[in-house]
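The same subunit A turns up in both complexes below, where it pairs with subunit B and then with subunit C.
== the complex of A and B ==
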């Protein structure tokens, strides 16, 4: 028999991460709370993944993330039907698959949880992309609810005083918007607590991701894609802080016990862009087959990448900068610098870039980043074309050949 | 000791045998529906031609899209690495490879030891592949093998603006009804396909000397169009289509 595929697959299953069950329970509780918000006289705000959620938490408004919902739709392989439904409604197949599935899901109430709870308001921050502007406008019309837009100009090279003033003023407008919608005064005292918890949560999330610098890595980026959900949805709460403390403990224990995410880890890779949600299992198996672990990625680290700009004692002032200078809202050179730092920190042997049909701001500039990385590190870089939710943009046999060839190159080099 | 390489491509299956670092022989046939049967047949036919039997073969490496189906091979290696090994075996000075096959086109960069340094492949689109040329040949009622000869007689290549194979085909059909010369349309088709492939070469910053491999390398019109785009002359290889199988046999000798 040839020594391909099945022969290289590990015979024993990797040791499962225990915290995963708790995480699933926490997410279930979170969605049940959100779905029953109306009965409990609570308001629901839909917010973009990179939006400042802390003022909502301080106002006791339940934040709900259409993008997190999109990831759930993708993971449960329900993306294709919902994308087609949106296309039937007249949306282009070139539109982001998160936007398409969210828009069509609102109409058909489909997806793994039968649709999100209806929003009382929409909070849209364009630090992650421009698509969200039109997407949230569509939803504001559909649900007939107020929409707040936080406009964060791209910081190609620096955070200028003009940008600082412009964005900071909008934070006050955001608070005024919340007061207006809820007919309640903003709770500045609670904001201080929430700000500290959000800051601590991000520090802890960074620490979780840092645990993969250990050889062999106790978890992989595929695990990080899963554990990410809490820092996105429950940022600013004690729940996220407590959970990540436990997760760090578990990871440190795994490292001590020599438990690895990938059996016989030999190669360490860095991933760029969103996950291919409907192919996580296949991709993870494919890399494991080559004894390769995706130890880190540019995506999950985006929820702690701007910590350095946050002043926990002056939270509202500092988040203007922190939310403006996130990974997707900076220049290509700065993005490449972050990738270079990660390659060094995690000691990566290769860099896998997902050119994501849906996510234009993430995929635009990848070729330049690829060239910078090649020039400065000499590690092999692979670009695969796919989509985060729409499986019609994923060609398994073509991607398999690319990954196999990429791993063969890495093996040759490390021979 | 004798080593075998088997390359199951999307359109053709190829086999090669190597003994004492010398090429013993090769065979090419259509892949057909069943990749395992194609592997068995292309291997056994070559053995027969070479007056050898299975027990004479020390090791076998399979490659190409059907590589995993060849269950009697000792190892399966991607066509990227095999084309690198094959080109280096045929000519150790080669640094760049342009491989245009049935459903893939790729540009490969080799280091001085013949190891693959980098590669780029076409995305999920048939433009710039052998299949693209096959569709066009059918529309023009020309034998695939004759495309090259025809295009060499062109005086003013037509301009194909669509990238998509399906749209390009309708463009070609409207050119036919517009009474454009067949030779010019074919030259235009080669230009269009070459433009797609050249992007891959630029992506990896390909280096001279370059060998063109894959079945499409036999098409002179396409090779000329690519040379024009890239500004390099290809090093002539005698067996471009069999290059992947030859590389697989070379790698079999290293198992």
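== the complex of A and C ==
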């Protein structure tokens, strides 16, 4: 394997995305609000990333996302230490590193922001995995607060009428739960407004992601991993809507001006699974060296992928289906279909799969998806083994060699 | 006891056991989880058979499941892909953990057998809507089976199935109770063979064999020797050698909290009720598996009372590596046992593991210490 020369990338740095600063400020404000909730007599709910946050927003409860916090822990390279602490508490090193770091953070009050604000309630939606069910049980015992579980049965092949009935009934139970905990009536009027904003926010987020269909792509999946935080944490607010409008404008301008995320973009790649949070910079640099841009990914699109099921005028009824039929809660064959669509839409030259030890529902089935992609398209597929937060499962030199070899194949094919 | 020999033979030669069942013109439906509604499968005229890994080397499954998937799931997929389960006519997948959830997809996409069904059970069991949904799932599964056979499953078929399974379960509970009263009454490896055999063998055969075993055990009264009373907890413990190691170290197994043990057979189905409702009800009432939610403290309370009721000197957690639901509960279960002054230890094992060397030493040390 010849050593790669990075001659054509070192001369100019890519033009920074201006909205990034604003995004950082918004997230800081959001976390400050959450951390000072108690002083302001506000209640805090911890909620899973795929859970329906809109009723919380309508009730003026501050939603906090342990998974987003986990991503911050990963990015700030605090994962290893916190994972080890969880292991000392008896949690196996094979468990999801979001869960491990969150559980130990609660005990040691560590992490990048000194721990999350304590929850007044926990909202767990198992549409992403069974891990969250166990993890939230642990936290419900630790904080001794009420736990609501929104059980969204997996749609291996279909969204059956009985699943629809069950999940719809639970939306009402969820509202009753919130009324019970807050001792307030649910605000159905505000819910209408929040629902519309959530819907609009998701449409805009999809539009943000769609801007990368442009050649060269004005942003990369690494940027999407960063800008994702708003649609997760501030879904259903005007803030998210306004911000994404600006971001779209900036992206469109970049496209017009020919500004690309990766200098001299030649190859376009699709990423699968969660980001490797502690190696974003290295990975993005590594791909840029090869003039390759990760233009899209299956992860960030999960927050708008089920939008077709949402009826903004009948929000509460329709979210039962929308929250049940998200990317991770469907069969592997349907996931492969979505990947195929993305390959076409973004015109990808290669597919990079992160086999993520932490996330079993995302990673098991990947090998079958890989085979389907190989069979139905002729693009090369690379699988790298890592973990989103725990760096002990990342072998940089091995991954570097594999990426180089993979890019070599792509270059030869696109000659 | 000659009846027990039948069980050993049945589990050591699963393909022969299957062939025998097929000779009676029964089609075989495999499953991997204690929440599989066996009564419905049986009522449809099929034979429900629990699948265990043959513990063969993983070769073909490598191209479907990464190494960080539990050995049970990988092992059973390997058996299927390599043809060792060709006697199956179908499989069903009750919703359990994330690994089984994906195994179901991979299995379905491989289309190896005639019949396939997902039984997408609720993950929580403690609400009215979950109970309704559980019943709806049973109705759907019944329809799926009827479509497959072309025959209606009548209430009398269901009542007959319920009686059969109640009888099997009642006798297994009785054998466990006798063993707990006098651990010398039956060897651990024999107990293991009986329970595992009951998940594999023809149900009508079990209906005659199990009561005979109970009757025989009730007759004997071997002298009680001193030994440490042990409760085992975990998902599956598919290794007779572990039972032997425990006994050789001076321990007796007096109860378990295993998917392939008490958690599978405890609890009777109410017989004079609407049969589908009654079947669904048992899944709600049964001791929960960690992949299901009924309360945040139930499993803790249960392990303590299981240990206390069986006067256990210690609890051994036999956890399969990469098994998330059990690994998540372990620190909490340990905490409640520690609080109750009940000695406990954890071993993390791999179903593929053939060599028990180091594990034996740890088990011996623990038993000597308690």
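FYI, the second predicted complex is superposed on the first by the 407 of 415 C-alpha atoms of A that agree within 3 Å, B and C clash if a C-alpha of one lies under 4 Å from a C-alpha of the other, contacts with A are read in each partner's own complex, and residues count from 1 in each chain.
Criterion: a contact is a pair of C-beta atoms (placed from the backbone, for glycine too) under 8 Å apart; a residue touches a chain by one contact, two chains touch by 3 or more.
All values derive from a computational prediction rather than experimental measurement.
Trainee: Once chain A of both complexes is superposed, is A:95 in touch with subunit B (first), subunit C (second), both, or neither?
Mentor: Touch status of A:95: second partner only.
Trainee: Check the residue A:32 against both partner chains and state whether it touches subunit B (first), subunit C (second), both, or neither.
Mentor: Touch status of A:32: no partner.
Trainee: Check whether A:409 is in contact with subunit B, with subunit C, with both or with neither, and answer first, second, both or neither.
Mentor: In the superposition, A:409 contacts subunit B only.
Trainee: Is A:367 touching anything from subunit B or subunit C once the two structures are fitted on A? First, second, both or neither.
Mentor: both
Trainee: Please work out whether A:160 is in contact with subunit B alone, subunit C alone, both, or neither, and reply first, second, both or neither.
Mentor: second
Trainee: Taking the superposition on A as described, I'd like to know which of subunit B and subunit C A:397 touches: first, second, both or neither.
Mentor: Only subunit B is touched by A:397; subunit C is not.
Trainee: More residues of subunit A are touched by which chain, subunit B or subunit C?
Mentor: Touching more of subunit A: C.
Trainee: Now for A:140: first (subunit B), second (subunit C), both, or neither, which partner does it touch?
Mentor: In the superposition, A:140 touches subunit C alone.
Trainee: Quick one: classify A:15 as touching subunit B (first), subunit C (second), both or neither.
Mentor: Touch partners of A:15: none, neither subunit B nor subunit C.
Trainee: Who does A:129 touch here: subunit B (first), subunit C (second), both, or neither?
Mentor: A:129 contacts subunit C only, not subunit B.
Trainee: I'd like to check the shared interface: which positions of subunit A are touched by both subunit B and subunit C across the two complexes?
Mentor: 367, 385
Trainee: Which subunit A residues qualify as touching subunit B in the complex?
Mentor: 1-5, 367, 374, 380-381, 383, 385, 393, 395, 397-398, 401-402, 404-405, 408-409, 412-413
Trainee: Mind pulling up the subunit B residues that touch subunit A in the complex?
Mentor: Per the stated touch rule, the residues are 62, 65, 67-68, 70-81, 104, 115-121, 123-124, 203.
Trainee: Would you mind writing out the residues of subunit A in touch with subunit C in their complex?
Mentor: Listed in rising order, the residues are 89-92, 94-96, 99, 126, 129-131, 133-135, 137-138, 140-141, 147, 149, 151, 153-154, 156-157, 160, 162-163, 165-166, 169-170, 173, 331-333, 355, 357, 360-361, 363-368, 371, 385.
Trainee: Quick check: in the complex, which residue numbers of subunit C touch subunit A?
Mentor: 63-66, 68-69, 95, 97-99, 101-106, 108-109, 118, 120-124, 127, 129-130, 132-133, 136-137, 139-140, 290-291, 293, 296-297, 319, 321-322, 324-325, 327-332, 334, 346, 348
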